[in-house]
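The letters A, B, C and D name the chains in turn, as written, and every chain counts its residues from 1.
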Amino acid sequence: MIRVAVIGGSGYTGGELLRILSIHSKVEITLVTSREYAGKPISLVHPNLKGILNMNFSQLSLDKIGDKADTVFLALPHKVSLNYVPKLLEMGLQVIDLSADFRLKDPEEYKKWYGIEHPYPDLLKKSVYGLPELHYEELKGAKLIASPGCNATATILALAPVVGNGISADLKFISDVKVSSSEGGMKPREGSHHPERENAIRPYEPEGHRHAAEAEQELSLLAKKPVKVSIVPHAVSSIRGALASAHAWLNDNYDDIEIWKKIAEFYRGRKFIRIIRGGLHPYPDPKYVIGSNFADIGFAQERRIMRLTMFAAIDNLVKGAAGQAVQNFNISRGFNEDEGLRAPPLRPA
Amino acid sequence: MIRVAVIGGSGYTGGELLRILSIHSKVEITLVTSREYAGKPISLVHPNLKGILNMNFSQLSLDKIGDKADTVFLALPHKVSLNYVPKLLEMGLQVIDLSADFRLKDPEEYKKWYGIEHPYPDLLKKSVYGLPELHYEELKGAKLIASPGCNATATILALAPVVGNGISADLKFISDVKVSSSEGGMKPREGSHHPERENAIRPYEPEGHRHAAEAEQELSLLAKKPVKVSIVPHAVSSIRGALASAHAWLNDNYDDIEIWKKIAEFYRGRKFIRIIRGGLHPYPDPKYVIGSNFADIGFAQERRIMRLTMFAAIDNLVKGAAGQAVQNFNISRGFNEDEGLRAPPLRPA
Amino acid sequence: MIRVAVIGGSGYTGGELLRILSIHSKVEITLVTSREYAGKPISLVHPNLKGILNMNFSQLSLDKIGDKADTVFLALPHKVSLNYVPKLLEMGLQVIDLSADFRLKDPEEYKKWYGIEHPYPDLLKKSVYGLPELHYEELKGAKLIASPGCNATATILALAPVVGNGISADLKFISDVKVSSSEGGMKPREGSHHPERENAIRPYEPEGHRHAAEAEQELSLLAKKPVKVSIVPHAVSSIRGALASAHAWLNDNYDDIEIWKKIAEFYRGRKFIRIIRGGLHPYPDPKYVIGSNFADIGFAQERRIMRLTMFAAIDNLVKGAAGQAVQNFNISRGFNEDEGLRAPPLRPA
Amino acid sequence: MIRVAVIGGSGYTGGELLRILSIHSKVEITLVTSREYAGKPISLVHPNLKGILNMNFSQLSLDKIGDKADTVFLALPHKVSLNYVPKLLEMGLQVIDLSADFRLKDPEEYKKWYGIEHPYPDLLKKSVYGLPELHYEELKGAKLIASPGCNATATILALAPVVGNGISADLKFISDVKVSSSEGGMKPREGSHHPERENAIRPYEPEGHRHAAEAEQELSLLAKKPVKVSIVPHAVSSIRGALASAHAWLNDNYDDIEIWKKIAEFYRGRKFIRIIRGGLHPYPDPKYVIGSNFADIGFAQERRIMRLTMFAAIDNLVKGAAGQAVQNFNISRGFNEDEGLRAPPLRPA
């Protein structure tokens, strides 16, 4: 059994990690921290876990973690993770960081998008970008894993087969993402107030969304030349689920079957990728992955004008956050990739 | 491994049985029937199960079932189950029927509420009403289990501690139930059309709802005298979840702690009952049981006028249908009561 | 033209008053106050009013109001209205107060439910309870009108025909109300955070809800003997709309047509009451009154056990707040009752 | 008073026409037809109109219309309108057609997108494309008006200032539209079943959506050279509202204020256009136009890579259908452009 600590356990991502890890057969949850709720029962904040996880939140203390955990999941805000990761690594622990702090390889990019000098540029080189569909081999035995953001995950998974498998397109893409309210985290704000948020179809951060940096990094790596990606997120009414509709102008004409084959080939053997095409539900819809780690991939062409749209549907809290982190953990430890992640999607949901 | 057949696998209840049974460690799903979709992949109808259950639907043929299954789950409409149950039992199979056909012990009652003479009154005596919180012992080894309806489950679980544990009240109750759209099944109708159904707060079948018959049967049994229950369901916007608010006029005054104790005592040791009181979420809300087999029980008194409201929150497709059926199966077979049912509720959902 | 001031114009009720008054042909909006937004454009807070109401919010100053307004609508919290009403009346203005401060006739009751001694018991006698279906005549020329709360409005309108028109019932009622998120006002709270609020079916204030005081006052007046009402509100997913399901145990048996006639007779001539019975939508559903001042009234009997449920569906912000206040204003001024209130309900909505 | 007939009055668009026309001061509704509901009360199908429009549906008979109406609104499916328009015009009536049958000027285009030879190519030349923001002058006195589709309206209004006012961009655009469930009409289908439709984020018709033909026609006219538009609609959870996010790659760099000015200049004097920029709600969201004829226009640039997104938010049933048809009618008749359309948007909604 791997002893696991969850740092920052009182938010949605933390709660989702606990939901998944509580039924993971290789894991013992030994410590869950929360600054605000230290000393209080986890089920106070996460009422779904009542009767399942009978622990209290603890204060974060690095010393204690060393004694209690082999792997630490960090579900902290950006720039806060920075303070803990180096020490945890020094203590010999494995770190799976769900913040953006160790995702970008190039310190200049970090500075450009996050506004501060990265204090540990060396660690950036060592960390593995935890999108298993692209970095499976590097994840084995990894000590520091930077788990991707949800909009980046959806955008990259949608576009990787295009830039990575020889579909000839302009190398600039628009990823129009539709996101659910849980992406905004657990803290009430004016924009998350139910009467204001429900029924919204609302662009947010449509100018310079930070996940574009991750997407450009990963897709350029695959394309072996610079790729430009613009992410335009829109808040819609659902609680869970994100769909990336990544639009490309093609330089060539393809039959649908060719596109399908290139996607299937690109993702061959990847357990959590399902290719959606035809049938009653011919395109991906996050509705059908809710509660699971699946990413459903599909596409639609308008051949008349050589436009290709790639779709990727995920549950933003699972494949877009906690589930992917556990998937990364499983691969790094040599467990089955889907350990703890086998519960099928809920439906209808 | 128990070989299991699901008859009527293409509806929501059937799909939910498949979702749960597909990760049940003691079960092999050998046959899933659907009249409409025979020969077609299960994932065509249940896109959530793509990549999980790679089987086709079969035509229903009693002979084949005998060869292939030890236990049969029937997810068929009322009055259709009647045609199959006796034969399946004769063939030596265990039958877990999710329809209403074998729930009422008194054939007169069946006639009164369902409009036809019950053709197998003897079987009514033999069947066990599958509400494990009331009939745990009888379920052990049971060959015919009649799994309760969702509104009945919520109403009975809300009121059982009142009539069964000495809370002095008028023995007539109003159970005002709020139900989600999945209760109406998978077939589109005018009332289920999204623009008409979303945002509805709509009474339906408020005159003589049939689940009252089950509730009166079970609560009278507990009270050892006739209990009257009126169920008034209301369709609200959610997809999953039901809340029964069962209102009673008390004949005596109680402190809250006394009520709490009587509930706790009544449900002592029952794995899927959680008593909700105080904290950030002081009353049951189906939101926090979604995807799980929990029934959250709570109450509120207006002592000024001696009104007690008992609340029971369930996921109508799990504790209100497929999950409870699997719980019944587990108990009948001597498995852990929560086998296949350990995935925590989703949250937020 | 009547010059109108809206005090407390930045909340949902204030915004709704502005929405209605901006198209009222007999009204000129001369002043809208907001402590938080004074000096800022109204459309900053109410983006729906952009291009319609090109005014700024003002600070509240009693002197200015005297110069600028003939009628003042107060959309302030309970206990805050208390500070302004007497002075505004002294200045000769008409006051329509949407808070609870002048609704209860008996100062003892105010103390009991709101926890403080009422400082102006004389004014309680003079104020008219602004439910026009019960107090039409008194409203004519009224100088102080206390506009009812939404749950009180729905509960009273549902039960008035029972206690007021000779339907023989126990005089204690349970009004199980289903309410939308806009009832909670404009300020974000944990419980109103979209991921927590959407899909909720959540009892709130089920112990001693204050609107019961209004309902008991008004229904006792009608019955000419003490009536007991218990209100149990439940938060459901919609943004607008409230349904009261008011449950009664009858002392006699009635045909449906008799009940229908008694309701129709009771509400004869009342412009905003629609009686719903039969057809495709046989019971009231707030969906079909959204945006309008209608109250849809219906009922369902379970004659087997002499249970009657009365339903009243309203838009909580219109008939439950701002619309009713304008209706009161119209009657008090001798205008058409529906001036400014003629826009039909939206549908689908 | 203009005598108005609504042909096809039982769908959502028909109902919306009735909702608006019933409070239009220059109109008398003399006839409403429905094949399915002829002889039945309008309020049976449109429960919102109970108490407002006390008429029955009639069978469609061309002769009767001639006697009863001056203007006919046709809310019929595509290819059905074709059968009535020429005769109605011959009878001297004004026709406002909400179908697609007379929107495309070029008969070849009609054939290409709708699959049949257009039987009345001459009428195509005479009909006015009823987007008043582009064709105001032509609408005056027009006898045949082809009112645009909702996705076309949103797409064109978003992009017109780009191609029409000198913003230098590639002349191929992707309009990623998010649409509400009422766009699918009133007939229940599998995809509109509430448990399947709610929470969906679902691409539909992403290959060759027909509204692209209208958008290309209108935008090419403005640009005076061929413009390519690809429309990719996505079904999201709301009941009303559509947002077009129209993505463009710029050939030049602009300050935000320049873009803003070009939009403002382009739409100067257009009553139903509101430009949204900055403040609490910095981009258009259909939430704030619900129930009204407004189109809210905004934009976001990612200057780093010269991507411009233009947003247009409308209520799909009002500015996207019935409201725009009435706006066209008003202009054609010389009435105030906003007659019958002055009710502010609902909020929250």
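Definition applied: contacts are C-beta pairs under 8 Å (C-beta built on N, C-alpha and C of every residue); 3 or more make two chains touch, one makes a residue touch a chain.
The structure presented is a predicted model; accordingly, all values stated were derived computationally and were not measured.
Colleague: Can you tell me which chain lies farthest from chain B, using the average of the Cα atoms as each chain's centre?
Modeller: Relative to chain B, the chain with the farthest C-alpha centre is D.
Colleague: Count the C-beta pairs in contact for A-D and for C-D, then report the pair with the higher count.
Modeller: Answer to which pair has more contacts is A-D.
Colleague: Express in whole angstrom the distance between the two chain centres, defined as the mean CA positions of chain C and chain D.
Modeller: 36
Colleague: For chain A and chain D, let me know how many angstrom lie between their CA-based centres, rounded off.
Modeller: 38
Colleague: Could you list the positions in chain A whose residues touch two or more of the other chains?
Modeller: Counting only residues that touch two or more other chains, chain A contributes 12, 181-182, 190, 195, 199, 237, 239-240, 280-281, 290, 348-349.
Colleague: Sort out for me which residues of chain B touch chain D in the complex.
Modeller: It comes out as residues 12, 181-182, 184, 186-190, 192-195, 197-199, 237, 239.
Colleague: Which part of chain A faces chain D closely enough to touch in the complex?
Modeller: Contacts found on chain A: 172, 174, 176, 178, 190, 195-196, 199-204, 206-208, 228, 230, 232, 234, 236-243, 245, 247, 249, 280-281, 283-287, 290, 298, 300-302, 304-305, 307, 309, 311, 313, 348-349.
Colleague: What does chain B use to touch chain A in their complex?
Modeller: For chain B paired with chain A, touching residues are 12, 15, 19, 22-23, 44-52, 181-182, 239-240, 274, 276, 279-281, 288-292, 294, 342-349.
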